[in-house]
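Shared between the two complexes below is chain A, which pairs with chain B and chain C, respectively.
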Partner chain A sequence: MNKLTTYSIKEIHKSFRDKLLTPTSFVDLCIQRARQTKELNAFINITDEEAENHAIESEKRVYVEKKSKPLDGITIAIKDNFCTKNIHTTCASNMLKNFVPTYDATVYSRLIGSGACLVGKSNLDEFAMGSGTVDSIFGPTRNPWCYSEDWRISGGSSGGSAVAVATGSCVAGIGSDTGGSTRNPAALCGVVGLKPTYGLVSRYGLIPLVNSMDVPGILTRNIDDLIVILNCVAGPDILDSTTIKKDFKPIKIIDDIDMSKIKIGIPSEYYCEGMSEDVLDVWRSVADLLENEKCQVCTVSLPHTSVSIAVYSILNQCEVASNMARYDGLEYGLRASEDYSTEELYASTRSEGFNNVVRSRIFAGNYFLLSRNYDKYFLKALKLRRLIADDFNKVFHGENSVDLLLTPTTLSEAPLYKDFTSKHNRDQCAFQDYCTQPANMAGIPAISVPIRLSKNNLPLSIQLMGPTLSEELMLNVAKKIETTLTSETLKNLNVSIENLPQKCQNLLQQAAESQSVLEIDNLDSVSISLHRSREISEKLQDEYEILKLKQRNAELQAKIDRNNRSLQELRKELESSKQSLTRQNPNPDNIQDHIKQLKQKLTSYEENYEKAKSKYAVLSVPEAVLPKSLISQVTSLLALQEEATSLKQRADDISLMKEARETFNRLRR
Partner chain B sequence: MKYSMLSKRLLYTYNKIHKCGISSHYKKEWQSVVGLEVHAQLNTESKLFSGAENTFGGLVNNCVSLFDAAIPGTLPVLNKKCVELGVLTALALSCKVNEVSSFDRKHYFYADLPAGYQITQQRAPLANDGAIHFQVYTPGIHKKPYNKSSKIKQIQLEQDSGKSLHDAELKRSLVDLNRAGAPLIELVFEPDLEDGEEAAALVKELVLIVQRLGVCTGRMEEGALRVDANVSIRRVGDPLSTRTEIKNIGSVRGVAGAIQHEIERQQSILENGGHIINETRAWDAIAKITIPMRDKEVVQDYRYMPEPNLPPLRVNLNTIEDNEDVISVPLIKERIPELPEESRTKLIAKYELRPEIAVQLVNEPVLLEFFQKIIVEKARNPSKVANLLLNDLLTVLNKRKINVTYCPITVKQLEELVDLLLDKKISLEICRKTINELVENTSFSPIDIIKQKGWLLITDEAEITKNCVKVIENNPKLVKQYKEGKIKVFKALLGILSKTTDNKLDMSIASKKFEELLKK
Partner chain C sequence: MLNKSVISILNKTKNVFQFRCFSSKVPSIPVQTLEKKETERIKLDTNTISLLERLSLVKCDTDEGVKVLEDSIAFANKILHINTDKIEPLYTVLENQNLTLREDKITQGNCQADILKNAVLKEEEYFVAPPGNIPLHEVQIESNKQTKQVKNEN
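Moving on to the complex of A and B:
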């Protein structure tokens, strides 16, 4: 069976049908995984209660109503800047630390409406302003691919969702993408990350960063899952006036796609200073791969790419300044104790509520929007934005047009935390978002697909961009890349046991033997492989436990069934003997025999029961972890035991009665 | 001697000219320029961008949606009905409706503005370039109505703010968001007006128009229509002085008073060598002065920015095709009812009313409705009916401080009264008295009251003759004078006649009879 981290939605649903898993047990496993990986800080809030409730609903639909929904039992993580009714939504900011929305974001309500189960709200940079998930009041999120003292960042700002998906805490993560916030962490954590066309997915309930560029993003481990999720959340929403009004046609994978008709453009401007050798290698190899698949690959030009990041920065800060104006401490959110005057209250609330990054963006944005600066900065930025969008238009619709663009997602593998934080947030964003933000400026769809590991054993990814609403073609090509790679290089990415180095296998052996969870703190040897093998051992252990439990379940069930049957027989016999006692002149010898038989049977039953019980006792699995079915079996066992005792008592009564009769007969004689 | 006389004469002339110069200086020197900005609340069931109820006087903070409270993540959804009403107003004021308009954010921090910005239309408004034509006539100030018009620069859709209440005693502020996000149209007029009366007449006309269109209740006392006035003055031929803005004037007479006061205030400052600062002032309706508003001392930079959450607003200018997203302007044009200007023209042409009567009648929609019903039902003398309504009925109502809208007298009672008056069964004075009684006792019919009080005119010739004879007998001196040719005294005799009979005689019959008797 597959590991938890490689289950696809299809496989999960199949195991639901085969009853190898149930929605509740699967959700339990995901929650457990989320707890086990707590050190990575992917979640701000693990919502076990909601997850359990959603799972029970799913289970009902799957097994009782037999009307399952497309995402029944599928676990999701939602970035903590999407509003969720009655669940804290913090934006990783002091300002909204205690904010509990009274409504659901459209994306969330559509997912839950499709049967999904919420594992938790995931970490982000404060108000999604960043590209590392390092600026959160709940601390940074760490990259699961390299865990040591010198740990690496997860990318951002949707780092929490990316890590949650990568570690198997959930099947899909929802992020937001303003300048690359979904694709960047997807690339650094080795998962798939989609930024849909602007307006394809509703923004209602997404706490905005830049309204004109924000779009909810999707993170999964494979393209198939991504399509299932996208098909559930996309489409017009009357609550968001900027959604595309046209009905959404669900996306399908075309099995025999004719790749020779697809033109792929390589924009020369995307090669920039600071791009690592590894990344260039991957870019080249994917271009080769597509060419091998008979795609037409050519170089194209997007001349305004280099100014894009500056334009993005200005527009971003202007909208931030405007969007953040509502946080005044009056209606909701943090309110400072200063109440000397309303102005004082505003000032101290906003100063306490926002971190430096947010405050500096508000400051800059307000400067750009001053009436004397409006034409100089904001208007010019808008004009340049138009030129950038025109670049894409020409490439996709002009002469010698191409269907898709192939670029790197990030300029390098996941940076070390200490390196990343040595630079200013603004400079980091400008660097990290270089390849991703043009798609937001133009509102076009883009996807980051993991390709292989770097020399440092860290994921490397590429990005595909397409014209507006070209998701279907883009995802089909991405799927093609994925399948081609799975049979070659990607083996390395979805680490399988055979390919593990000897050292890891040994470790795995040890882990299996000791059957104990390795403490993360003990792993001071700081080795990447050690950490990875620990992860794998955990995964294997999980599966081993599940299998073991299932076997036990089967055995116990059989035994219980047998006991049940004999008990029933016993009861029948008792009943008939009792009847014969009352109705006819009793034959004492007959009764004596009966009693003997009954006693024997009872003893054998008790023995059987003891055996079953002791076998169950061997299973040292905590009750919380046990699948619900097992617990119910134990309860029924206990009930049976009680019944047995009462039967024994009855047998005693009968023997007493028999003695009385004998005495009576004797006296008569 | 001659010389001194001459010099005296010269001095006198000089003084005279000089004085004249000064006085003409005072009279002609100042010219005032007034421009208005009017906010009118649209009469819709829900707010401009949310589904919350749009109502006046609701329970505090009870008509507030998540969007109105600026809860993070919520988005505006434009209420189509507001666009329709905006376009209807624009068309009625002959504006050019723009095929594409857009929304902007206007930023400022204030407790009753939860989002920290107001959504308005600054760069591309709903409509431009219209005009309003109206009559300026205030009884007591103007002898005759005169035509005036003001150009409309633009009409824009925007959100209203909430209301702040300041509790000075407990030193706290309370905010009511019921009004936050309510739909407004702002009408920006060119500075085409000269004084407060013209501004008041414009506002009055606008109230009538929006009421006719049904786009706004026009109730200024509820804040449904609020006026900001920009006032500046200049010496003839000079450039304009710094202007000041008077915010939120809440009544038609307030507009006249505030602007008049502001003009005088600016004049006296300039005459005393001071200079006017560009500031926002408020109208104190009780003290009848304008006072500076403290919280807006500093000139605000509103940091306008396009509203990114709303796509451009498109309307169909050409066809009558109407759909969910694009409303048809020609279709709305068909919905424009008769406007006040047209009503006045009709009244003058059809019923031969004097212009000032027509102005006054149209200014009181309830009375106009009475008038039309009374006239249509039966051919009655229009001028007399109008006079009865405007002078007698209105006087009684005003004296008792009853709003015309809540006039307790029915059309039927009025018709009866008009007929009694026109058939000369009662005098004008009795008529007025009857109205007074009717207001108190609405269940009675006028004739009952008149009969009960014994106010019916005496038309019986015998009775009249008897009274005339009595007057002739009691006033031999006057009769003698009359007979000697002093026809003037006839009026005095008539006066005595009407006085001695408590105005109960039908004087038209009586005067004829009286003359006959005197000439015998």
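Moving on to the complex of A and C:
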């Protein structure tokens, strides 16, 4: 069962939580799908290494750190005219075939910063100049809706991103939109494509085509995903001076939006020669659908629409001529082998590096910019551009203003490759971009929403346009259209099963039965048991961890108690010793003073004694005066002294004798 | 059974009727374009083409290239008749917004290796260019002469 093409970001994140999918397994599935659909040529370069690294980081955040980001595990494709550090960025041109940027485009770095995983760099017309993704050095991209010998184009120039999203190789694609390059392939491949307000999303790192009109575009399979992506990439960027400085308020879907307050304008000038009946029919049915939803729908006029495409073509070629001047082969990009002169090197490099579409636009642009033609063409076109922008201003802000405009996106379903290439690129752009480029001229937001299939089973879309920074309202109405159509389709499906012939019903029942049987069979018993045992082991692991922690906790508590007790004992001891000390006199505190006092006393006594002694020595005392006891003591003392000397003499004699005996003994021996 | 199917068909048609009950506001005829209808044939002289080659620094294009250029000019000419008196040119849609001034501080640098990384030819830390001051067409005239000489020799 492969649901890659039906998963929304919300569902993917739910399956991450339920562990039906993990970021790495989902990214693997997407890369596998990108490989399977290689024939469609959506990717210039599948970046599996980056995707894997991003997925592993996402997985860590989701399961280990438990701090997931809004795009964790969400796969993206980036059009190959956005710079990606250390990943080739070719613009599908020989000129930049070997160019490896040293920095990231803001859009890309914000997406990766939000957790997205890069599946690959997607195909485009060379330097995004085209509306079919047929003029790429890597070959054309094919439409996944009709792929046989007579295959159809994907639309362009962001055809690679549109096909990658439509086939389920990624959840969201980033394109660029200069004259409809995001909305056109979105319409032809049946996905949602948004061109935001000029300046809402940073152009830093987007290799420029027409600076005053370029905006990064977003392609997804549904409106909800688109809002998530837009909320991640939009907002002021210090690296792009043309971003709108006002802080970006994230867009929300209002569930109970009051449609009766919304005014929808149908600009009559958007029905031009060459518009197919299928497209008109879809346009009408969506107008009716909105009226059914109680919107106020009215016809409005944007009188200068029909000249817009010619004005756009002049401005485009002028800015291209100026922008392409940077490719000279010296600093980066292709360098021809010519070395006769600098100009010769420039000229041969540029002739080898650019295809004929780019070269012819540079030529025409330089013609319009010649000093004799500057006013006639370039300034004239800029003045007409103001008239075109003023038309929108009047419709959105003037009398009887409307909130949104409803128009077709393309003039027909996806054309056959052989029909498309029978005309020159310039003529094709002048035809295919009719409904889309006015929004770029005025810098207003526009979105292409797929509605239904044509008679040839090819997607058909309509376009909503709104005033500057009206993304929230526009996306809410687009969401309303989406939900209404989905419920209607489901209702129709329910009705039709009953009405089907008996045989069909039987077949359907059989299919349903076999599917249910298949599903059980499909589930590999080994993998089920593995999955279960993994769950159990994870649970056990958790429990074990908890037990370990508890054990440690108890040990620590015991230690703390013991320490507390010994502390108390120590405290008690201290207390008692203190008490005993206070009871003692002298106090240990002033014992030194006490000693000093005693010493002083002692010295004074000694002095007194000395004085008395000297006094008494001077006096000669007659024996008779002396007390009797003293005399007797003196005599006894003298007797004792005599005794002591006699004893000493005896001791000497004895020792002498001993010595003599010893010497005698020695001699005898 | 029959009744059931009839009812469901009725339901279906009711849906369809409900869906189509509004007179659609989508126009029923294509718009008349403001572009000039007739296309004049543009013919560029060789001087202009060689001037454009010099300016564009793209080598001499084929006849087909010249035709595409002439078509582009013819397409542009279709809008020249529209009156734009007293209209100011619209250079950027952000004309009513101010550019921010950032603080006068160095925010980048030490990126010499990065800048040189993508150059095909470099010497030490320099880009390398062939001799300058030689206009493009001298070379082509010379090479034309050379080819003529080669032909003559043949």
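The rule we apply is simple: the second predicted complex is superposed on the first by the 486 of 669 C-alpha atoms of A that agree within 3 Å, B and C clash if a C-alpha of one lies under 4 Å from a C-alpha of the other, contacts with A are read in each partner's own complex, and residues count from 1 in each chain.
FYI, a residue touches a chain if its C-beta (ideal position, glycine included) is under 8 Å from a C-beta of that chain, and two chains touch if they have at least 3 such contacts.
This one's a predicted model, so the numbers in the text were calculated from it and none came from an experiment.
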item	value
First, second, both or neither for A:T102, with chain B first and chain C second	both
Touching partner for A:D240 - first (chain B), second (chain C), both, neither	first
Which of chain B and chain C A:D391 touches, first, second, both or neither	neither
Between chain B and chain C, more extensive residue contact with chain A	C
Partner chain in contact with A:E50 - chain B first, chain C second, else both or neither	neither
Touching partner for A:E482 - first (chain B), second (chain C), both, neither	neither
Which superposed partner A:E319 touches (first chain B, second chain C, both, neither)	first
Contacts of A:D72 with chain B and chain C, given as first, second, both or neither	neither
First (chain B), second (chain C), both or neither touched by A:I207	first
Touched partner set for A:S348, first chain B, second chain C, both or neither	second
Overlap of the chain B and chain C footprints on chain A, listed as residue numbers	99, 102-103, 212, 238, 241-242, 245, 321, 328, 330-332, 342-343, 346, 366, 370
Partner chain B, residues of chain A touching it in the complex	82-83, 89, 91, 96, 99, 101-103, 105, 203-208, 210-212, 238-242, 245, 318-319, 321-322, 324-326, 328, 330-332, 342-343, 346, 366, 369-371, 374, 378
Footprint of chain C on chain A - complex, ascending	98-100, 102-103, 198-199, 212, 238, 241-242, 244-245, 266, 268-273, 275, 280, 283-285, 287-289, 291-292, 297-299, 303-307, 310-311, 313-314, 317, 321, 328-335, 338-348, 350-351, 354, 356, 359-360, 362-364, 366-368, 370, 376-377, 379-387, 389, 424, 426-427, 430, 442-443, 468, 491, 495, 498-499
Residue ranges of chain C touching chain A (in the complex, touch as defined)	4-5, 8-9, 11-12, 15, 18-22, 24-27, 29-35, 48, 51-53, 55-59, 61, 64-65, 68-69, 71-73, 75-76, 78-80, 82, 84, 87-94, 97-100, 102, 111, 114-115, 117-121, 127-136, 139
In the complex, chain B residues that touch chain A	66, 69-78, 105, 107, 109, 111, 114-117, 173, 175, 301-305, 308-311, 325
